[in-house]
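Several structures are given next for inspection.
In the two complexes that follow, subunit A is the common piece, with subunit B as its partner first and subunit C second.
The block that comes next holds the complex of A and B.
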């Protein structure tokens, strides 16, 4: 949430053009960010034969991906997971964000820190917690067996719902930060005004607060959606060969099948989807979390 | 107020959802048996002993070195860039902003794939491993450092610099004696964000590792193929504690909170 005003609106302008200042960082970004992505873009239009790239231009790589049910299934699964994660995170994140912004508890600072602390752990570590809970001999099965609710062990994973739960857990702090940002912008006096005019607390919430922070909700939804579609670790740990998503498919093409052109095409499709989502988020006026 | 009471109950459940898996991981690492029993039966430090073997300490040290160096380099690159963006209006500024925020917009996974291809394409295959990882991490951590430094530059009144200059201080003297001390906490915060982002990354690192040169996250991911091992639970807790301690120390010394949350207070 370290606001994006940080890069906008320079205070004062003075001669001479500061290209000296930006030269080194720009060189690094051009060579190690722009160039590799451009290289990938061009690779996606080249035919590869027997794991070797040729010079021949083609659209076949994209055609291949959009004609195999395996990859169409992976696209659909990726987006279904993204939407489910976004909804999940808004549903869980909104009450938490509202509470954290409005609470008068003297533990407010600690509560905010606790809500953001999970960001300090790698997604691998946090997903591992879900692995411990969900695997066949895991905590959830032990608990349900112990309570006598099930007779036999259930395979909660590998499965798509397990991926959704793991990712929703991993991305929740981003959604909370985004929604807190928009709630912070709402003048609490508006609520007081509504209530002084006779509206109940519930009515005030649904007719005043909620409509005002819709952009924040949309932003939080799209942010977790867009991170979820490019996540690798969680689908790799909680999913399996039958629950491929775009990220795991890219990894497969690049490191196991060694088909660079199809892997590159898949990566380009992922980039386009992410950019479209971020564009949508920007239109909703949402800001991106910075941690 | 009943509505507020209901909200508190919901919030308690959300905290349970957020922190539960992490606490369960920690608890399981002290288990006596080789299974993920929870609540744990017995108490044993055997998994912690194994987690402290070179097999796990080496990638941990590797990650620590990588993240530290990434933090230093991306902060050094971020300082002039953020200063230029915060203090000047120049032709091509929009393009510079776009390129700066680029690594934040495009999936790190794709940048990792692209870097792998670049290094193979130009014949730097031997540099895949630490060098390639360092380059990649600097790229994806730079936007965090730039933003944080830019925020502290924006909250610093420009008059301060004018005052110093009008009292006869040279441009460099002003920067060194006035501007830098005032934005120091922002610079430190940026470096910490870069460290944490590098230390926890897996999406980019995945493609740039080689045997013996892999960060702890990729090592854990690879090990997970063999299924559950309480050693991994102990390793997970260690990798969680490291950034936590770092952030706690820095928060005590110079304050981070303002840069994550609460910017509204600063304006």
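The block that comes next holds the complex of A and C.
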């Protein structure tokens, strides 16, 4: 019976080994994710006085964050950066992934390796590459001045667009990988069948290929988005102290101002938003799979 | 069976031999933890300067200490003062290092309040008795060993602008330098104590101070259009000094001396309103594994010869007043005499700690 072999089957429910196998990662998740987050959640409801946590319960920490335009701005900036990075990476990554999957080149393996090579360098190193290009005395300004396109140096950074550029570059390989996985699952014969029935290449792409790889595109977007909204190093380097996102604000409260209750509240807001997003993505993925 | 038979027979173990071996094994078993502890005590983990100062601190302090005491010192060069204290707090006093070598007064005061720093008295660190009396009005007595004294100076690019005289020349640069200064002023996030001290000077220019920072915010707003660079860490500012973008800045006297001596076209000065001093303090977290050696390290850092060599190498002031034989030119820019010490301000770090979040928020709202 098919049901006997599934996770919901009676054999699975009775057998101890599968449960033991599941228990190990569950225990890891419980100890290293659920408990620390519970601790963080409880800290976010504690009052802090002169940098010291007290035992007094309060909602003031959340009230403080939601009543300051600075942190509302950081919240909006964080999600705007996430959306922009996700969109850029999908737009840039899709053609690249499509080419890498469909190419008949004998160097296909090498090309895939080159596309993913940026992952070999630390994100800090890659971000400092952008720092060298974008700062007032950087390559971009030198080039524009040399070409006579500008008369005065431009401050490309610190700025939100600089953060988007740095993160989009850093996260592009993840999106490419996700979309490639989806494209690889599409039978090329479906395209041939559509074209043999008279559909043009463009029509085939938009009516066959694109709908079939939508879960991959959504997955790539969600992956870039979720990493971007929690990124610290790139926003800290390219955004500077006056262009805050939530991760840099959390870091500031936790390690610079030593105000852990506000830092915990800010972290909880970020975690809850991320979990809601993952839930929405899971629902979207399930719906696509059902279709 | 004779005695000789017994000794020849390797399989046979006599009662006395058995007792001896049992006693030996027992002694080893009981002694083993102490043997291991004793060996572990030969290693001390110290969190202190890294980056461009790593070589300096290892040459002047760490290697000579290892040589003198015949121990191994592991140098943890990561983190700023507040990051190091965050580690101590997160680990409930056992952050993995035995000495927090570079805390500043706000973290020391917080550490004492939270009970995360070991009490240090003259019994453990005899050299504490040689320090400036004023030290104990800045940090709580018995909280640690202040080994370095410096101040937030004003520095300027002498190839670009004329010598400033007042903190007002930094906070209202257009009044002295006109439009040419636009984009060449640097400002720091209050997460860096340097920024806090500069803001206190801004408040004092308007008859305010740590208890009334309103005049500082007015000056920050006025200065903002002329600010070209905003950073958090002091080291982050260096490339902007080097590439000529920043012409005027508050900066730690130690770092200023270090970079100027390496060819940076800047000059350091004490503005007419005076400067605010800063102690770097070495403390022992309550969960440190090797407290005895940690105390030795603290005492060593306060040793007269070590203080002299460190001050000269790091361009800072010793924390004991009995070093009267420093080179005259060097001493003139340091805090080594009673008069210099009396002129140096040490604002209440307790008040700074209590208000730093709100000041940072205000700063961020203005600079965003």
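Convention: the second predicted complex is superposed on the first by the 249 of 291 C-alpha atoms of A that agree within 3 Å, B and C clash if a C-alpha of one lies under 4 Å from a C-alpha of the other, contacts with A are read in each partner's own complex, and residues count from 1 in each chain.
Going forward, a contact is a pair of C-beta atoms (placed from the backbone, for glycine too) under 8 Å apart; a residue touches a chain by one contact, two chains touch by 3 or more.
Just so it is clear, the structure is predicted and the values come from calculations on it, not from any experiment.
In the superposition on chain A, contact of A:120 is made with subunit B only, not with subunit C. When the shared chain is aligned, subunit C comes close enough to touch A:256, but subunit B does not. In the superposition on chain A, A:69 makes contact with subunit C only, while subunit B stays out of contact range. Applying the stated contact rule after C-alpha superposition, one finds that A:26 touches subunit B and leaves subunit C untouched. Looking at the shared chain after the overlay, A:137 reaches both subunit B and subunit C. In the overlay built on the shared chain, the residue A:46 is in contact with neither subunit B nor subunit C. By the touch criterion stated above, A:167 is placed in contact with neither subunit B nor subunit C.
Subunit A has more of its residues touched by B than by the other of subunit B and subunit C. In the superposition on chain A, A:241 makes contact with subunit C only, while subunit B stays out of contact range.
Legend: residue contacts after superposition of the two complexes on their common chain; A:271 is shown touching subunit B, with no touch to subunit C. Touching of subunit A by both subunit B and subunit C, each in its own complex, is seen for residues 137, 254-255, 260. On the subunit A side of its complex with subunit B, the touching residues are 1-7, 10-14, 17-22, 24-26, 28-30, 32-37, 39-40, 43, 92-93, 95-96, 98-99, 109, 112-126, 128-133, 135, 137-139, 142-143, 169, 172-173, 177, 180, 184-185, 201-202, 205, 230-233, 236-237, 247, 250-251, 254-255, 260, 263-264, 267, 270-271, 274-275, 278, 288, 290-291. Note for the complex: subunit C touches subunit A at residues 80, 82-83, 85-86, 89, 107, 110, 113-114, 189, 191, 228, 230-232, 243, 245, 350, 353-354, 356-357, 360-361, 364-365, 367-368.
Remark: subunit B residues 1, 3-4, 7-8, 10-11, 14-15, 17-22, 24-25, 28, 35-38, 77-78, 80-81, 83-91, 93, 96-97, 99-111, 113-118, 121, 135-136, 138-139, 142, 144, 146-148, 150-151, 154, 158, 193, 196-197, 199-203, 206-207, 216-217, 220-221, 224, 227-228, 232-233, 236, 239-240, 243-244, 247, 257, 259-261, 263-264 touch subunit A in the complex. Residues of subunit A that touch subunit C in their complex: 50-52, 68-70, 73, 136-137, 155, 158, 240-244, 252-260, 262.
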